[in-house]
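Before I ask anything, here is the structure I am working with.
Naming follows writing order (A, B and C), and every chain is counted from residue 1.
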Amino acid sequence: MFAPVYLDHNASAPLLESVRDAMQPWLGERFGNASSRHEYGRAARRAIDEARAQVAAAVGAHPTEVVFTSGGSEANNLFIKGAAERMKPGVIAVSAIEHPCVREPARQLVRRGWILEDIRVDVAGRARVDALHPHASLVSVMAANNETGVLQDIAAFADAARRQGAWMHTDAVQMLGKLPLDFRALGVAAMTLSAHKIGGPQGAGALIVDKRVDIEPLIAGGGHERGLRSGSENIAAIVGFGVACEHAIASLPAGREAMNAARARIEACVAALGGIVFGEAAARLPNTCYFALPGIEGETLVGKLDRAGFAVASGSACSSASPEPSRTLTAMGVAPELARGAIRVSVGRTTRSQDVEDFCGALARVAEELRGLQAMAVA
Amino acid sequence: MLKFPIYLDYSATTPVDPRVAARMIPWLTEHFGNPASRSHAYGWEAEAAVEEAREQVARLVNADPKEIVWTSGATESNNLAIKGAAHFYSGKGKHIITVRTEHKAVLDTFRELEREGFEATYLDPQENGLVDLDAFRAALRPDTVLVSIMFVNNEIGVIQPIAEIGEICREKGIVFHVDAAQATGKVEIDLDRLKVDLMSFSAHKTYGPKGIGALYVRRKPRIRLEAQMHGGGHERGLRSGTLATHQIVGMGEAFRIAREEMGAENERIRMLRDRLMKGLTDIEATYVNGDMEARVPHNLNISFAYVEGESLIMAIKEVAVSSGSACTSASLEPSYVLRALGRDDELAHSSIRFSIGRFTTEEEVDFTIDLLHRKIGKLRELSPLWEMVKEGVDLSTVQWAHH
Amino acid sequence: MAYSDKLLDHYENPRNVGSFGKEDDGVGTGMVGAPACGDVMKLQIKVGPDGVIEDAKFKTYGCGSAIASSSLVTEWVKGKTLDQALEIKNTAIAEELALPPVKIHCSILAEDAIKAAVEDYRKKQGTQVAPAADAA
């Protein structure tokens, strides 16, 4: 196929070659079920244990704190629904900019007698610690927002949560591999990770969880993953996840610098076109640039860029079918007209500096063309 | 040339068919898009691949692609079907029915519902492993909302009378769920004819990859479910979470191959199974567990009396088989499935499941027969029970020093 | 599960498999366990006139660890007096074979088998010895 330049790494990152190589035997001659006691099964079990150690090492957790799931969404659901199920209904506080796979399970708890409280964000997209409900017993704030890339002060939230006796969870799928991430240092009770955002395969994720948290499994039957997640393990994907984690840590310093440079270049170009970068005042992920060119519809811009050979997003992948302005931007107080112009460019490992240059050129051309059309329409 | 250990554990998991793996790899590498990405070609092509695979899965079981919901595997499908339907229809009643020989994914889910206040009936199967339809009818109550019965048992391979049970459920307006993880590619499944409302599928039991499965959710009459995983509203809101395109493509290809090849393949496998059975039942005091008529051709579950199962497994390292189901075999418990058939404990302790598959050869079967003859002989030499039986002692009259 | 080389050796080449006549003089038979639990161990000792165990044989229905445990104790009891044999503790068996935690019960069963065999021998001796003592 004709391969557009991929600038949508926050939706899904291309698979690492080392990950593919590590996975391939598990789709071939090493096919055992990890619960089987013969050599096929034992080999699979050893591979899972190794991957568990790799994932744990990447985030400063203990291997026994790693619960493998089918992905980030499941890990978020597992923590929020699972922990709540074993608690007395109370207040659950989640930031106003959470991904739907945190927000929706939290909303489900309302039917079970919980009260859902939003944690407000400031104009730069930072959740405010002082807006945490004082009686919340469950708290979930993402480490970095998937749209804006704005970093949240997780350590401060964890501290506040601990002081009010709440369990604190963070969805860190966007943070992993882009900035250092340490489970212990953050002081959270649980953390969600996903493989396919860091060059691992789709279909694997993990909940890192403090063993003191009592959790009701989402999926019962067989007692895999310390009883927290039943079902035959997806060994190939888990192995790939482990290798991707190892790579993410090793490549972080150099990768971070390259991403920073790419983002700076794109944002200079956006500024030159009179654009607005959302969350610019906040500390952000080095790879994410979320912006709007006033007067230009986001969907239109994304479509034009696609035809010009650049794959970018107009919002988070899951909700991009809806014409609604982004929830995140609404929460930041961005006017709907401007919010509808939002597009997200997220660079990554495969992004070359030439790609960034080409993108800037294309963005300028497309913007000029679209503005020209508008000018004609006005005239 | 034989390659060791010989794999005779196809019911635990199957190798990925090389044709399936070949289809998957490009979707891991160059086509890596998120199928939910609507703004670029990476996402569109992934979405198209997902939909093609959905059609392949639907075709194997004669369903509409719109009735197929992707999950992470049969365990998740079972959880979604059982909890999802029980919760949605709990206003109509809180009685649910299953069978003692179901997979843990069903039994554990039932226990969870019991803790929530549902009342569950666990049917005893007949000695041949099959559900007694009269006993089933008798168990139904006006407040029964859900029945869950597996198509093919994972340990003994028996095929339950799904068509008959479906008729009864439909007549009474009870939601009927079937765990078909062990059935795809082995028995013909026609959801146009079967009155089944929900059916769970797994890819890795049918030469597809691990980590992917599906749930069939009937549209006519429409079955409603409460979602168990919430988020971006994937799979029409029934199951949120990024779809793993390569795995889905793999499941689609695996099910396509199953549909095209199951006729010839099952005949070949049946011949191998019958050869194995003949060779092993030549050994004194062996018992086949489960009905031989209503049974998939892949499965042979045999009890070798007076020989303990785990030591037998150790003795036959050259073949990879299973004693008890894979999920429970880490424990010392005898198989609960055989117990439910009313087998004596000492027989339950020595049961071995041989499951044959696509890559099994006649040579491997012959080797296995010979190996079992030798090792059973050796272990019985070691067995005080065998000695007593040979001396004419009736073991059931012995007072054992229980711990 | 990874088993030690010693355990595998005893399992693959069990020592002293077989039976003595139960009624034979000088033979003590211990049968412990139950088929329902997955283990039955039969241990027999042949005791010389000097009270020393001259020979031992076993048969075991059970897992590899149970077979290895009983094979090992047939070696250990030989040449010991009855009281010395009774001093063999399950922990020593478990240690020698490096039994995994879930298999410790096999070593307990082997210890019980020794006790049962000694008891059986002493009981038999008791019934035979008593009249002789009377006569003295």
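Here is the rule we use: a contact is a pair of C-beta atoms (placed from the backbone, for glycine too) under 8 Å apart; a residue touches a chain by one contact, two chains touch by 3 or more.
Everything quoted here is computed from the prediction, not taken from an experiment.
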Min distance from chain CA centroid to global CA centroid: chain B
Relative to subunit A, the most remote chain by C-alpha centroid is chain C
Greatest contact count: chains A-B
Distance in whole angstrom between the CA centres of subunit B and subunit C is 43
Whole-angstrom distance, CA centroid of subunit A to CA centroid of subunit C, is 62
Cα centroid separation, subunit A vs subunit B, in Å, comes to 35
Multi-chain contacts in subunit A, i.e. residues touching at least two other chains, fall at 37
As the complex stands, subunit C meets subunit B at residues 11, 14, 17, 19, 31-42, 59-64, 66-67, 102, 105, 109, 112, 116
As the complex stands, subunit B meets subunit A at residues 5, 7, 9, 12-16, 18, 21, 24-25, 28-34, 36-43, 45, 72-76, 78-79, 103-109, 111-112, 202, 204, 209-212, 228-234, 240-247, 313, 317, 320-322, 326-330
In the complex, subunit A touches subunit B at residues 1-4, 6, 8, 11-15, 20, 23-24, 27-29, 31-33, 35-41, 69-74, 76-77, 99-102, 104-105, 107-108, 194, 196, 201-204, 218-224, 230-237, 299, 302-303, 306, 311-314, 316-321
The answer for subunit B against subunit C in the complex is residues 306-308, 310-311, 314, 332, 334, 344-346, 349, 381-387, 395, 400-403
